[in-house]
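Next come two complexes, and both contain subunit A; in the first it sits with subunit B, in the second with subunit C.
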Partner chain A sequence: MARGREILFRAAITIALLGLLALALGGSSYEWDFAPAWQRRNLYLWGLGMTLAATGVAFVIGLVLGVAVALARLARSLVVRHIGDLYVEIIRGTPVLVQVTIAYFGIAPLIGVDNKFVVGTIALGMFAAAYMGEIFRAGIESIERGQFEAARSLGLSRPQTLRHVVFPQAFKRMIPPLTGELIALTKESSLLFFIGVMELMARGRQVGADTYRQFESFLVVAAVYLSVTIPLSLLARRLERRLGKSARAGVLL
Partner chain B sequence: MRLLLLACAVLAAVGCRRDDRSTLDILLERGELIVGTEPEFPPFESIDEHGEYVGFDMDMARELAKDLGVRLRIEPMAFDSLPTAVSTGKIDVIMSGMTAKEERRKSLAFTEPYFLTGLCLLVNASAGIAEPADVNGKRVVVKLGTTGDMNAPLLFRDIEITRLDTEGACALEVVQGRADAFLYDQLSILRHHQQNPKTTRALLEPLTKEPYAMACRRGDQKFVDRLDAFLETIRADGRYDRIYAEHFAELPDGSR
Partner chain C sequence: MTDRIVLRGLSKRYGEVVALENIDLDVASGEVVVLIGPSGSGKSTLLRCVNALEVPDEGEVLLDGKRVDARQGDIDRLRAEVGMVFQHFHLFPHLTALQNVMLAPRLVKKIAATDHGLALLDRVGVADKRDTYPDMLSGGQKQRVAIARALAMEPIAMLFDEPTSALDPEMVGEVLAVMRQLAEEGMTMLVASHEMGFAREVAHRVAFLDEGRIVEEGTPDRIFDDPQRNRTKAFLSKIL
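Coming up: the complex of A and B.
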């Protein structure tokens, strides 16, 4: 029952704080008008669809490429390790907007790709891979050395050790930072507006411009983003709790 | 030796893979005109409640495609990336309320102007600004990369400039009193004032002369000539007047 009480308590605090915010906004001298935004609700929905698609594709690219980056940075070969390091440093050290622009105007024409969505999501996925690679690396390195040694002494090869001993444990520790990355990516996908992908933020800007009501339009955009990111957070927390239980019960994945 | 020559030839071929033909020939062959625009600038270009491109520039684009006998594709993107897009051939022509400016001529070629306007001021009603000279020493907000951005330091003395990414954010700065004045295009200033009649005032006497023109790849004189011929045609046959009346009924004729 304590859990039920906590949920009620949290809901009450949330409503009280939102009420205060609404009161503060409503009390300013600004003349509010949400009617034009409501009339254009379809545009926001189309934008949301595009945002979800771009984020989803970029996240999958990030996962796959991220594992490769992490393995490269942990490799024994200096060349491979250096390429991995270089990738992470260059991608993490430059703004996504710059990467997306270079990808679309500079690299895409060279390889004959013209689709904004394709170029944009690949660029975004490559960006995510640098961060996700670091999450994977930290996860793998957080597993005690003794386990590697134990696995090796049992006759497991290095790939077998990673696959059967290290990854199942590391995966659980990676869930919270990976969720954070997915949420960050949801918002970072808004930078694709720059090359003309009509995602949620682009739609929000356009409605704001067309109606001369940017404030209202951006508040709608904020609400729509939250309607995606908050459930994601809750889902991740549940997953984490369930995996936590399985570990305590002595069951590995 | 022969191998070396071959390698050089391949390199050269890769080097001039870029299409040097006029955009006009390319688009006629393609059967499609690609117009680049940032649809955040009504009444020139915006997206209506049905998701359709509307505005003066968009109607002009439709006429242009008809005139060239090709399909029309409108490519939306950020205003800042339009010049790059036209230079790299992603779009054929920019129609986005763009002022033909000397600085921009370094990377773009402009047609004859199709609309004359100027920078005006949206001021906070309680900022004590009755005429443009009162703006000296005050806080001015501009939209990043626009002619307002370029001209603010030239038009006023001792001002504190804030640069923001969208028109709406700039207007809001003035509405909420964080900036005293917003230097921007005449029609937009008028509309923002109409949306916020109590908190703002509009000074609608243009401070600069800004000719809007279509922009294409620098050096592509053949395409510029074709576009100028189009402008001449629609001005002569009344199509221009019809589009103008549709969007700017409340304006004096001086903007044509």
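Coming up: the complex of A and C.
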């Protein structure tokens, strides 16, 4: 009951603050005109579509490559482990905008690929993999040693142990941070505008330039991003609460 | 009788700490050997060497005459031949009791016989919990499911690493009853335990370990009623 009241209270505060903001902006000397943006609403929708596509593809690449990164960093072979470490250090130590730029203006021409979307999403996916690899690694390492030992003592091989015992447990713990990564990736996909992918950010610039209404255009862009990230964030919090509850119950028994 | 488990000159150190020092021990088919001794005396390490969860620095472990070597290709198959029961159960929390029991046969032997799994749960008295997840089971029930899980691979011997030490007192009995029943059915068992009553009643042989060595071994009556070594006497006087 208390939770329901809190949600109502929060909603009321949010609406009040937005109202105050609207009053303040409306009362300023700036003359607002959202009509041109509204006329070009399809451009924003296409931009959103491109943003979601880039985010989705990059996320899937990040998942697959992230598992590989995590396994490499947990490998017994020092060579494999070191390659995994290097990958994570290099990706996390450089700005993603620099990586996307190198990928599109440097590597892509070398290998003869000229598709902005393909190059951009692969670069973004490789970037995400470094962070997601760390999430996977932490998840795998959070599974107690006894689980490995019980599985191995039953005759399961190392890959079988990972696949049937460790991953199913670790994955549950990784869902909240992975949702966070998905939110981050949604925002980071805006950098693809730099190489000319016509995603939401690029569409915002296009409309702003066409209509000489940058302020309005990017307020719309911000609102569209929020319409994606806020539900994801609420979902992540919900999952975290649910998983937290079951984990606590496990400790008590 | 043939020797199921043979330990020859087994030694294991962790840095400066000696965990096992030149251990020789034979466990015959159908024999129940209980290892007693203070915490840190090496009981657990000894059991873990049999299952290749630890690699000894020196010496060897033979299972039915085959050498256990963690680096060998067939180690997974050899591991499956001895069942291991842990102090803290280590049931798979994402699987039901029945799924816990059937996982290894399904993956390793490629058989998914529900009947077999249910029969095992029934044998340890928890068939009614087949669809229950571990966190909804009591400690005693968890350990009995863990025993059924180890039995599912039809092992030639069972290792028990202080199977009742993490249990509430009122649950110790139900687990010991299952172990007693296994012993009566002729299972070869190597048990590390502080349950002296169980050792006296069920064991064919008791070995007292201290500081990584087998100080004394013999029939339960001899060890408990007529210990020869001072360290054995001192330990027993504290614990009995």
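Just so we're on the same page, the second predicted complex is superposed on the first by the 223 of 253 C-alpha atoms of A that agree within 3 Å, B and C clash if a C-alpha of one lies under 4 Å from a C-alpha of the other, contacts with A are read in each partner's own complex, and residues count from 1 in each chain.
Criterion: contacts are C-beta pairs under 8 Å (C-beta built on N, C-alpha and C of every residue); 3 or more make two chains touch, one makes a residue touch a chain.
Source: prediction; values computed, not measured.
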item: Partner chain in contact with A:28 - subunit B first, subunit C second, else both or neither; value: first
item: Partner chain(s) touched by A:214 [first = subunit B, second = subunit C, both, neither]; value: first
item: Touched partner set for A:156, first subunit B, second subunit C, both or neither; value: second
item: Contacts of A:125 with subunit B and subunit C, given as first, second, both or neither; value: neither
item: Which superposed partner A:198 touches (first subunit B, second subunit C, both, neither); value: first
item: Partner chain(s) touched by A:47 [first = subunit B, second = subunit C, both, neither]; value: neither
item: Contact footprint of subunit B on subunit A as seen in their complex; value: 28-31, 36, 39-40, 42-43, 46, 101, 104-105, 109, 114, 193-196, 198, 202, 205-210, 212-215, 217-218
item: Contact set on subunit A toward subunit C in their complex; value: 144, 146-147, 149-157, 160, 164-165, 168-169, 172, 246, 249-250, 253
item: Residues on subunit C engaged by subunit A in the complex (per definition of touch); value: 51, 53, 76-77, 79-84, 86, 88, 90-94, 103-104, 107-108, 135-137, 146, 149-150, 152-153
item: List of subunit B residues in touch with subunit A within their complex; value: 39-42, 46-49, 51, 75-78, 80-81, 84-85, 88-90, 166-169, 171-172, 175-176, 191-192, 194-196, 198-199
